[in-house]
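The same chain A turns up in both complexes below, where it pairs with chain B and then with chain C.
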Partner chain A sequence: MIQDMRLIELKGVCKNFGDTQVLHDVDLYIRKCEFITLLGPSGCGKTTLLRIIGGFEMPSSGEVLFEGKDMTGIPPYKRRINTVFQKYALFNHLNVYDNIAFGLNLKTPEQLGVQTKKEKKEEIARRVNRMLKLVKMEGYEKRSTNALSGGQQQRIAIARALVNEPEVLLLDEPLGALDLKLRKEMQLELKAMQQQLGITFIYVTHDQEEALTMSDTIAVMNGGRIQQIGDPKGIYDEPKNAFVADFIGESNIVDGVMLQDDLVKFRDTEFQCVDEGFDTNEPVDVVIRPEDIMIVGEDVGMLSGTVESVIFKGVHYEMMIRDEIGGEGQGMLWKVHSTTMQPVGTRVGMTIVPYNIHIMHKAKTADAEPVSETGDKEA
Partner chain B sequence: MVRNKRASKALKGTYLALVLAFLYIPIVVMIALSFNKSVSRAEWTGFTFDWYAKLFQSKQIMAALRVTLEVAVVATAVSTVIGTLGAIGMHAMNTGMANVLVNLSYLPMTTPDIVTGVSLMLMFVFAKVPLSKWTMIMAHIAFDTPYVLFSVMPKLRQMNPNLYEAALDLGCSPMKALGKVIVPEISPGIVTGALLAFTMSLDDFVISYFTSNTDQNLAMIVYSAARRGVEPTMYALSTLMFVAIMALLLLVNRRSGLENM
Partner chain C sequence: MKRSWYASPYALWMVLFTVVPLLFVCYYAFTDAAGAFTTANFTKIAQPMYLLVLWDSLRLAVYCTALCLLIGYPTAYFLASRDFSRAQSLVVLILVPMWMNFLLRTYAMMTLLEDNGVLNTLLRSIGLPGFKLIGTEGAVLLGMVYNYLPFMVLPIYTVLKKMDYSVIEAAEDLGCSPIRVVSRVVLPMSIPGVVSGITMVFMPAVTTFSISRLMSSGMVYLVGDMIEDYFISMNNRNVGSSISLVMLVLIILSIGFLRKVDPDNQGGGLW
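Up next is the complex of A and B:
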């Protein structure tokens, strides 16, 4: 259960590497027992942000608070945080058991709640065995880490971090090297572990599906800034800007103009929508999910176009449909998902219901990189 | 076609045999003569271990053996520590500065021994350090260290950079992380470097000659004996040195072979 207490709080965190600023004024709080994902394309600053929380990098300015206390300058080995690294970083000179016991061996008997060295050894064995059971790797104690598969190494890396009973577990793209099926399994297992242990997880990934599956909260990052923070459903259904819409799931993003409340014009056509509070004639980004475009008869749609390609995607067909605005062959390509297939060359109509049209303010900063495919080729 | 193939195979074989013969016949001759009963190089009068026995009875040679081993062991130990720490330090530096240092460390390996020897001698004389076994050890440390450095550096470069951070993450202080994670991880490189350094120390003549006074190592004994006219004991001594160094180098090669598997 997520508690309301703010375990970690970042205030105005900036980070520069030489002349490049990789983090701009990041504000973020993380609650106890929360599973939060930092999601973004490579180079967006998500790993740097994670490394700042772990203590491997110092922020150039701003504060990192842990339970309200400033953590700046406190080295990683004095933080109640453990990390699962991208390439596992297992110690190859130690076997599986000693890898997991590594952190516990460094503690005094008192820190483990026992008196003598002998009791410490027994306590470590008890905890390591419990972890091996949790990650389903019982019986591998004496194995060399080199002899393990990628998935098994991943489990040991997770066990090695969790055995120290950290307040927070940082995970840096931990499933990146695994094949799809194993990755899906591990996603569910990680989520289950997190709920069972009640530990805060901060998870870094560029895989939006992974983020949607596992997280309580997602922070979408781009260009060193947090673009949007919210729960998975909120971020998917109500993306705050064109970048988020494009990054989370697939989208058609169109330039439009807000004519008045609940009425938007794009592709030379007026559409009813459900967005209010924009300026009259304000230029906006219009985002429409491919599954929200309905294919209707060729002359009854709001827009009409011709099917240019069809790909079978398993559950649905993905069709690229070029509309007819701006003359033949000059129109914009729409990505449409549908369970019924229209052959290439068919002329179809497209309809979008008002609540599936998402209107967004144009991004104001250059860093936010408005991703638009306008199709207007006036150059 | 078949004949051509056979001819080229024969040609390759002959060429290889010639190269090997050119390289090893002198050594084989020397090894053979070390077992010759006659003092003369011209005739073979029968097989004997006498020269080897004489070798081990010679106080001078035994003293030189002790000097050689003492110098090699101390120089290897010190240069292994310096070289390993140096490599770790350079690895952690920003690349510009590290490149300068790496190139500077290459230089002593390519400088002719005679230059290294003379300049070290001059330095000791200039600093008023009397030449002794200890100056010889210092000189050996100087030329051994780059071998350790360049055996350890590749291991550091291959190492997952997150290993050090993982150690810190699990509660190691930086010093503990060095001892518990970094050094074990690069230990194959350290051992290879130490073996190379030991080999270099064992057979060094030129630098030792310039940087020591009365203490002579085995190479120096062979050199001074040769000036008085070579005795078969020197063949025996050279044979033993050859075998010892051959064994060490085989060990080094085997180790790097195993690691690359």
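Up next is the complex of A and C:
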């Protein structure tokens, strides 16, 4: 990785609120024009991390570099960063046009590349109109922000931030309040805007699907630590630990023991896998995606079980199948996705191909130990 | 039963104690002692002596409102600030004086400020010359501000407290220095509270009575005192009513003017 591609770099960032430490030694770098998502459950520290980058919070220790220069102590209004807030935070004493023009009005004519006040006014009008077009809100200039729907308010909030042509745009769960259909549309639009404008987007969400759809890079966070950084496919296919596996997509997570390279034992059964480099008899977490379990005839699968419930999910059926390890009704429930439905009460066999069995080191403490190689990203 | 019926007790109250008395005021204002129609009451109060009293009342009310705003806004801003945690108890402290009768409060104020009152005694005891307060216009203004200040602080505090903090962060984010955050966002967004505060201070201030008489030892004579005198000491309810009517029109005009400042009428302007 070339050092000068790094636009923002966080080094050993910690943050305490009183006695609670919300960020533990976070290392992260963000490249120019990258769409990076901070993904994690509520309370994982992702919003705090975003606010530290935006300058709204100061790190308790560690440093934040912008193009190699330390930004600690520089207030938000002096950073070339703009933010789209969770609740839009529009100025309801101003109309749509003046909301978008707010940041530009604060600048001197020289900063906008013109000489006179009149030219400044024209330049602002030009930029605001371009933004209105970008967010598809032409014709709404004179409207009061109170009269807009949630989706429209969000577009104005995005336009208000982007019109300042920031290096970096921070987005704090901006689509959280929108309905599903609108959210999906806005996801694609945001992604398109980001590619069109070539601006770095740092996006915070707890919605893994959103993260997978939009991001170039995802940083999965939990308990104030970055658990894994990588591209969406890498994170989905090769989660580094059970937390990431569970958070990104649905998973069956089973306790297992690694017998030797490429051979793991769980549910009293030995399975071929493709993972190497574990200690002999090391206890591990075994992660299997619901869509990777194949249903076969009874007694020909690797495990047998009985279907306990079936839910139709649109494209597939979600079945809960209880295996027979440990006696009648004592087995564990497996979540299985399949396009063919097995009625409740049917006894079936389950088969998993070696490639789809993911083996993970056990977390050393209860609250998910960080994965050490946090800086390791794919190019 | 239709929902609007639930308001009927209030409607009855309004008719009995607001509309009917108002009609009486109008009736007395346009009649003489014998009950015949006349406009003499109004020509009488158009004389310079009466207009001077009216002018003094308006002037003092404007001073009082301005002072309340000047003291009240920063107070409300401080109370509503995010990192101030004892705001609740301080707001109660601001409210406590309102639980007492205003005459009681004014008498207390007099005791403090009298020529031989607490303040002057204290000043003299440390060798400073005492100064005359009671009997001046300044004392009246002090009494008015003291009585009406909570009506300015509370509406502004409520508006500022309700303001979403992320709006302030958004302003910072878009390039506002801390001073500009206040001038471009906090102040304009708190206008409804300011309008409401001005309304609630100006209306009682312009019709102030007793406070003026007590604090100035009778030197400052305001419209409120004049109306009181006409009704009670002089037993001339006709002139008293005409003065009341003129005041009412003046108040309606000035409050209506506030609507121009606050077009959404969030602050409780009259129309």
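Going forward, the second predicted complex is superposed on the first by the 363 of 379 C-alpha atoms of A that agree within 3 Å, B and C clash if a C-alpha of one lies under 4 Å from a C-alpha of the other, contacts with A are read in each partner's own complex, and residues count from 1 in each chain.
What we mean here is this: a residue touches a chain if its C-beta (ideal position, glycine included) is under 8 Å from a C-beta of that chain, and two chains touch if they have at least 3 such contacts.
Note that the structure is a prediction, hence the values are computed from the model and not measured.
**Q** Based on the shared chain A superposition, would you classify chain B and chain C as clashing or fitting together?
**A** By the criteria stated at the top, chain C and chain B clash after superposition.
**Q** Taking the superposition as given, does A:N129 touch the first partner, chain B, the second, chain C, both, or neither?
**A** A:N129: touches no partner chain.
**Q** Quick check for you: in the superposed arrangement, does A:Q21 touch first (chain B), second (chain C), both or neither?
**A** It touches nothing on chain B or chain C.
**Q** Kindly classify A:N92 by the partners it touches after superposition: chain B alone (first), chain C alone (second), both, or neither?
**A** The answer is both, since A:N92 touches chain B and chain C.
**Q** Once the structures are superposed on A, label A:P75 by its partner contacts, choosing first (chain B), second (chain C), both or neither.
**A** So A:P75 meets both chain B and chain C here.
**Q** When the two structures are overlaid on chain A, which partner does A:Q342 contact: first (chain B), second (chain C), both, or neither?
**A** In the superposition, A:Q342 contacts neither chain B nor chain C.
**Q** What is the shared patch of chain A, the residues that chain B and chain C both contact?
**A** Chain A residues touching both partners: 54, 56, 75-77, 81-83, 85-87, 89, 91-93, 102-103, 106-107, 160-161, 164.
**Q** Can you name the residues of chain A that touch chain C in the complex?
**A** My answer: residues 54, 56, 75-77, 81-83, 85-87, 89-94, 102-103, 106-107, 160-161, 164.
**Q** Please give the residue numbers of chain B that touch chain A in the complex, ascending.
**A** 160, 162-163, 165-173, 176, 180-181, 184-185, 187
**Q** In the complex formed with chain B, which residues of chain A make contact?
**A** So the residues of chain A touching chain B come out as 54-56, 75-77, 81-83, 85-87, 89, 91-93, 102-103, 106-107, 160-161, 164.
**Q** Would you mind writing out the residues of chain C in touch with chain A in their complex?
**A** 164, 166-167, 169-177, 180, 184-185, 188-189, 191
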